[in-house]
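Each of the next two complexes has chain A plus one more chain, namely chain B in the first and chain C in the second.
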Partner chain A sequence: MTRKTTKTNGLSRRSFIGSGATLGAMAGLGGLPFASSAIADSMVEGSILTARVYADISSLDPAFWTSAVDAMVIRCLFAHSLMYDTNSDVFEAQPSAMKSYEFIDDTHIAFELHEGIMYSGDYGEMTAEDAKYSFERIANPELNSPYMEDWATLDHVEVTGKYTGVIVLTQPFAPLLTTTLPGVSGVILPKAAIEDAGGRFSVQPPCFSGPYRIKDWQPKTRLILERNPDWTLTDAPYEELHLIPIEDPKTAELGFEAGDLDFSEISVSSIPRYEANLPAGAEFNKFEGLNYYWMGINELNDQLADKNVRRAIQLAVDRKTVVDASSLGGAVPAAGIIAPALIGSREANLYDRDVEESKRLLEEAGMANSLNLTISIQQTAENLAAAQVIQANLAEVGIQVTINQYESGTFWSLGSKDEGDQYLDLQLFLMRFSMQPDPSWATMWFTPQQIGIWNWQGFDNAEFGELQEAAQIEIDTEKRDGMYKRMQDLMEESGDFVFLNFVPVGVLNSDKVQTALRPDGEPVFYEFSPKQG
Partner chain B sequence: MALYFLKRLLLSVLVVILVVIALFLLTYAIPGDPARVALGPRANPELIAEFRARMGLDQSLATQLYNFFVSLLQGDLGRDAISGEPVLNTVLSQFPDTLYLVLGSVLVALVPGVILGILSARYRGGIIDRISSVLSVSVMSVPAFVIAIYLLLVFSIQLGWFPAIGAGTGFWDRLHRLVLPSLALGLAWIGYIARILRASILEEMNEGHVRTARAFGLSENRIMYDYVLRIAVLPMITVLGIGIGQMLSSAVFAEVVFGRPGIGKLVYDAIISRNYPIVTGTVLVTTIFFVVVNLGADLLVAWLNPKVRHDLSR
Partner chain C sequence: MTSPADSPTPGAAPKPDPAGDRPAKRRGAFGRLISDPLGMLGVVLIALTVLAALCAGMTSWDPIALNPLARFQPASSEHWLGTDNLGRDLFTRVLYGARIALTVSIGATVIAMVIGVAAGLIAGYGPRWLDNVMLLIFDAMKSIPTVMLALMLVTVTGPSLYAVLLVVVLVNAPAYARMARTQTLAIRRAEFIDAEQALGAGQARIMLRHVLPNIVGPILIVAAMDIPVVVGIEAGLSFLGLGVRPPTPSWGSILFDGFSYIRESAWPVIAGGLPIVITTLGFTFLGEALRDTFDPKLGGGN
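Let's look at the complex of A and B:
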């Protein structure tokens, strides 16, 4: 990911600790205390970090979390198998609760947990039995976890010792190290705690095992996390983390400027303003995010059934102007749906703006100056700006476009088969999907099985579906890279997609705070620290 | 008076029931699947079905409505569709912040509004009356959210006198954070209160009992405070009762702009996420509050106005 910052950040604490852990392991040191003495100095008593999160927590159960905010908080509350590096340009996961892991072969991964990771309450120490329970729990079809696919090829976990085990897969599984183990599905919890909670929980975890624990939660008001005294794996520099749910980024920006917040993500349209003019005492960082934004063209709609008509629309759109308008210059056009830092990222689009060719194709399809379409968007200033440019672009080739704006609840039902035949009426639409750092997350929504669910384009390509399955189990990075590139070629070739941009992420922080951010700008709050001096 | 109270109470209960029924019909008429919104993109058909069953969404509208009223009689407003927390707890945790905001706004509207109203009537046609008239109309015509943004920019960002977001903790912090949102919501009502009170005072000044008081040689101050205001405030009380409802619905702007928790923001978010139990629970509590306030206002007017009191006792 490309990170642009107003200040140069030094060596990240995590990479330092990671190096220390490696050296420690090499020297045969067991247990945790090696990290504690080196990092104890950064634990500041009485320190509070006040940060904006875009929503309130809704479920902290690793099997049933629903939003990125849930994941951010889960990261603070529970020990994860692996954790992504922060303040790095690439997504790389390092062992966390797992002291080490090793591929015995493509389907057997041996792991060893750190000793001494304690659960709060009477749930004792983390063991390999807990890892077995936690991973198999999410994979169990009976639980019906939405994250079952994170463990799609898990056969079972074999416990070989108190802290050691082997993850046994039925087939190789490429996202295991990129998203499953470093993600929420890699959280390890004790069976007894989950059973005491009745099999699942929402916002009141039965125990904690991470750097922080919940001190107080006032719904929609604030979540206060306090340092977990049982956590010794890494430091937890702030004594308390105050996470304030503020949906509207503009409100958060005002709150930051007024000094009420130490950290906040800002709106895309405010990125150029803060790049040009930073408030006193603030630092600004910009990241090219993973989330992707595109215009969909529904081939199931009668007027768009002809591929030449869809191609004409693709060729008429001036992607750079659309992206400039929607992000106020904050983003650049994308060449696909897989961000540049991930494997499978393409370097160029197959089709770019060509007004004359667009007109010719419309003429050939008998649609010259006779096509009236709608573009459906969620009601935001960014979407409206993009839609207006597209409207003007298409008018140039003789296509009249009406912009239909919807609030989010209605918008997200437009392409759903469950809501009747309205998904066939959908024509053009602007969409933004969130993403995890593995290319499979980008492409999984466009398989034939997803038509009428999340594949609103009606994009129906058997080769794409086969590649999606094959790429999941392909562990040769080069081959996998080629597969995802081919999949994006197929998407664009179909005439169903106009790739717009990866949504940039802008974050503001007080210059008294040392942030810890993933390559896509997502905060890892428990690694934030007060700057000394 | 007791019979009047009983009649009004029954009417209020009827209003609440009708509002809940209308709300049920409206929320279920709008498109959007709460299961899909709540569960996110990874939801599979089994999970969606399980969610619908858990929330009772797989039942007919009539059954859902019946179940809601049965639960309501047991003091249960259901569970949050997303977090699974009891709706009543969530709503009650948000309600005080909105209540403080509305009370703060009433105070902002009432104190200057009454003073301006009295002065405008007392010095009718004078400079105070003219200034008050211009100010009232100007402030009334500016939407609350515009006032809110300017207040933030000036008093939080530029001057740094007040925090920009949040409801705070502890009495003084809460009070400090209440000032700007209360001003944003209450300012527009200063004009209403002042104009209504002015008109009412002027009307009352021409009544026979005031002329009689003057004939007896009572001072203007005594006439104003003992004879005129007691009656002149009655229309203002009625308007204020309705105004509190208006402030409750405007609270969402102040809550979003000032990043405050509260009922307005809660219901706004719940509508966006199709969290029907929260929508219904919040509107129910708000409606009950509004109905109670208006019932109180009507009873107060009846009690304060000797003519109404007399009519009711016959």
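Let's look at the complex of A and C:
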């Protein structure tokens, strides 16, 4: 089966109000699967789901999570305000801990929480006060959460009752319903628990409020989640979820075929093979992923400070061959960092391969046949293949490239200012970022404030920063679309980026498992269930 | 007076017989070596590897030229071992990989042996306190796991052929040093050494002219047995991305590509694995045959 995400087109305020009111009404009528009476026979005693995750957990604090794996686990452990519908081909937020929500106007959103959502550890029942604390906590500049932008225009949350409140914004905020409330920043935690944990926590949550809780964690080996007996909103079909961190997808594929895993995301380069030959007892799904893959060019490095040199590198890279070699034909070149499923997606790049022009620019910059660069990659077969094609492409224009391979921990520290001046030494690098279904998530990492954090290119463009802020509060879909396209033009114009591809997602699961996957293929483990019969 | 040949040291240097006898004895040792089927097989396998290294560059393919459209081709008359994920001819890459493997394994082993033997001689022949200090250093170096050491060095120097050489030297030199020290201690009080000292020979002369020839035999045997281990270390480091950098062909990096794409094609794994097996078996067989030939406890030697 191949599922394709379709364009969400950015929800307008009118559609927000419409969908919110409708969903709220449906929940009120008990028509939604998460009404408290919905605990059903799908809960199978003694059942265990063994799934591969690509990394170990590193932080489960909603204000400080770092990877998609953290987000997947947080989704199981804590009640979110809203959740994405896993039965839909488009990203549709539906009520979760919030029983209903309604836009009073552009900047006021009234909400009502479900009654009876309990926190473990004697932290009591979830109330509107907890929502106020949780949302305002992430927005608080003093906390310095990397996800502060998720609540960029939050003024405050007004508590109007035990379970009701109003989110008050200073300005309209487009990603509120697309990523903030259905995402990790929409998790509601009790103030007392966070304070007891010292203001923040890492991998040992002070309490749980979701369908599962942590039973056992062996770092780098496995994370075992067990049903949370206090959870009553939905089913938690499996008694235990065993999440096994396996960094290398090829290893995971072998593990799946050996019967050790019930679910695994596979490597992009394996997609064509599984599409052609599926192992017995397996099911395969392919999704047009939102995650994006590109080559960064660090303008802060002395050798790459000249824009002409960076442009020459852009023009020298044969993106089609790079993408084909790294994905074995599983992906196609991208025209930016915002996937076709979202608003702001571009149709074409500004600069395509032009070897002669590249050579001319290098000569003009006085760098003809004298440039020696490094390309830093995380050691995977795909990265290595891409890097070797880029190495060959650049050799054609007289640039010698040395490939530096790193294991993931070291790699992800290369562009960090916190590690000293090494971020200035970085030259070329291959990066892949995960993504949420709002274009602001693609661009937020490249603002001037992110230099030395996630903006490893040193891309410093004031217009880009202003557009990032403006696009977040722009409700008009068409205008917003234009803003994000302009932002990607600015990125490419700078010479700092070579956009490679969006990463298609292929997932394998046992035919004894009913999966629950978002439109981008990301698993919602707590909704997985054993197939009956 | 006792001649060096009277020393009970295993693999001791041959007795200073009349000049005419010596070549005959050498031929005899080699004859015994190749008359051992395993020894003969070892020599043949090593010769194959050396031949591969010498023939690199004689195929019509460029070992680093990419042709992704021709990826994962099976073995054929055009590509004897098929092609890899980037369409490169695997046979050509294997031949070039032989150069890296032999350079690292023989080069690093020789360097490690020279350094180790020199240090062992000094420790064994020097004063007691120096012996203790050097022994401590040898043991401390030996206690560092190879991969950890490689990671540390690569972090400092970056992955390269030189980093691999350095890792191997640092890993192996202490073993040679310990062995040389033990051998030196065993013969430093031998009568012929006392005699040399009585005749006024300097310490350097005694170590180089009298001690070294008596201890080098078994060390050479160990070195031959070490070479396959070093081939494995080089391949392992390159497999982990810590060895020679792409696109330079190395058996380890070919194996990494093969491992990553084993479901797409088995040829890269075969191409990366087979030469490692051939070379390690060759040097192992040769080492064992050398030991059998020269170790008097096994009936060999003179």
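Going forward, the second predicted complex is superposed on the first by the 358 of 533 C-alpha atoms of A that agree within 3 Å, B and C clash if a C-alpha of one lies under 4 Å from a C-alpha of the other, contacts with A are read in each partner's own complex, and residues count from 1 in each chain.
One rule holds in what follows: a residue touches a chain if its C-beta (ideal position, glycine included) is under 8 Å from a C-beta of that chain, and two chains touch if they have at least 3 such contacts.
Predicted model, so just to flag it, every value in this text is computed and none were measured.
Participant: According to the stated criteria, A:A68 is in contact with first (chain B), second (chain C), both, or neither; which is it?
Facilitator: The answer is neither, since A:A68 touches no partner chain.
Participant: Of the two partners chain B and chain C, indicate the one touching more residues belonging to chain A.
Facilitator: With both complexes superposed on chain A, more residues of chain A are touched by B.
Participant: In the overlaid three-chain picture, which partner chain does A:N404 touch, first (chain B) or second (chain C), both, or neither?
Facilitator: The second partner, chain C, only.
Participant: Classify the contacts of A:V44 with the two partner chains as first (chain B alone), second (chain C alone), both, or neither.
Facilitator: Neither chain B nor chain C is touched by A:V44.
Participant: Once chain A of both complexes is superposed, is A:G259 in touch with chain B (first), chain C (second), both, or neither?
Facilitator: First partner only.
Participant: Now for A:K220: first (chain B), second (chain C), both, or neither, which partner does it touch?
Facilitator: A:K220 sits against chain B, while chain C stays out of touch.
Participant: Quick check on the output: what are the common chain A residues between the chain B footprint and the chain C footprint?
Facilitator: Correct list for chain A: 410.
Participant: Spell out the part of chain B that touches chain A in their complex, as residue ranges.
Facilitator: Listed in rising order, the residues are 30-33, 36-44, 46-47, 50, 82-85, 89-90, 93-94, 97, 152-153, 156-157, 160, 163-167, 256-259, 261, 265-266, 269, 271-274.
Participant: Contact residues on chain A for chain C in the complex?
Facilitator: 250, 253, 269-270, 273, 321, 324-325, 328, 379-381, 384-385, 387-389, 391-392, 402-406, 410
Participant: For the complex, which residues does chain A have touching chain B?
Facilitator: 57-59, 66-67, 144, 146-147, 149, 202-203, 218-222, 244, 246-248, 251-252, 254-255, 257-261, 407-410, 412-413, 416, 418-419, 433, 445, 454
Participant: Give every residue of chain C touching chain A within the complex, in rising order.
Facilitator: Listed in rising order, the residues are 64-66, 68, 71, 85-86, 155, 158-159, 240-241, 245-247, 256-257, 259-264.
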